[in-house]
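Have a look at this one.
Going by the order they are written in, the chains are A, B, C and D; count residues from 1 in each one.
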């Protein structure tokens, strides 16, 4: 596998929004957003997230590490350092990594009794 | 952060359609389409939208500004100058910006009691 | 607008599938797949579709024209020449155009009482 | 058609997750993930999948062949050699092919009575 890396070092998601309420069994059906980060490279991925808002300065960096040949699914609801991401607020995320990774963004919106699920490969230059 | 810009200057969404009716609590669950525009650059983004239809000349330009290091979520339902985008009609959008931005397109369709949510990174050359 | 074209000349969608039944008011809530084709160029787009299956030779070409500065939303359910696309069968589509276009693929699946909606920008080399 | 190939040789999906339970008529409404692989090239596609996890070494390679001018929709639930992909666990997938293919990833999540459907074009460098 070594040498067969795939991915990019910088990624962005513009449509971030953690729904402000939920419906259904916890924690699987709690409204949330997650970032799936695949590190198919042979080195540890040191990932920095910066979060952009509509009416204030960006928050961050949030620091995440992903081991070699591993994937990590991060719930944005759980990010707390340097500060939690508020619910019900629009935001965007930029990720930077020292090694190529692949990033996908998923939202489960269970505000109504019907859960809605969206998922997109993040944008990379 | 300055210097760490990400994005492109021209974007397109071909599958535009504001659903013609809604179901659920207003305004969060109103059927709508939105464009999420991230400006991670150090300068103001001046964005122009042109809207294409199946049976008439394009409308626009609609002008939007996004401050440096900010994100803006625009509801297409709210665009009114030079003219509102009609509901229940297929359309496409082309965005042009003076500085690199990242654009994502989201639709909440609450025509049936079950809301459907789609979101895609827009196309960029 | 002329000169500000955006898009590519060849596109592919691998995950095609017209659901075999529907639930909800016709025709808006009929299970279907559609292709949204934006032609932001100053010339007529002559588009050819070829449809690939798992167990037989490809069908096509299906021929579609999109006027300059227009968008066209084609329901795959309605394609009939040279032959209709069967429901409940997996297929893929390759589109080729003489002028750059932007293609998005959308499926409304209303087989259960809850409609599911997916939409993706097609793949382009 | 020959000569009109489209696609890439390496693809990745970071957000893999086979839901652990289902709701609705089998097998159409069983929670599952699928990979749609279009081979529009004139040669047989020999595809290798490697599956990455959060807490163990990757599994694979899984070997799939797609005939020339054919599409194949693989249910991840059905992969068994060298080992099945566990349900309810986060994973990522990297696909490598000897000839250009187009890959799309779809999940039907029918854990609640309302089915949720997501689909994305996989990432390719």
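Brief remarks on what is shown
Methods note: a contact is a pair of C-beta atoms (placed from the backbone, for glycine too) under 8 Å apart; a residue touches a chain by one contact, two chains touch by 3 or more.
Everything quoted here is computed from the prediction, not taken from an experiment.
Rotating chain A by 90 degrees superposes its CA atoms on those of chain B, with the angle stated to the nearest 5.
Copies chain C and chain D of the same chain sequence form an interface built mainly from non-equivalent positions, shared numbers / all numbers used being under half. One finds 21 Å separating the Cα centroids of chain C and chain D. Chain B and chain D have CA centres that are 30 Å apart. Among all residues of chain B, those that touch two or more other chains are 114, 116-118, 120-121.
In terms of which chains touch, the assembly is arranged as a closed ring, every chain touching its two neighbours and no others.
Pairs of chains meeting the touch criterion: A-B, A-D, B-C, C-D. Residue ranges of chain A in contact with chain D, taken from their complex: 1, 4, 6-8, 24, 28-29, 34, 36-38, 40, 69-73, 102-104, 106, 108, 113-121, 124. The residues of chain C lying in touch with chain D in their complex are 10, 12-17, 50, 52-55, 57-58, 90-92, 94, 96, 107, 109, 111-112, 114, 116-118, 120-123, 125.
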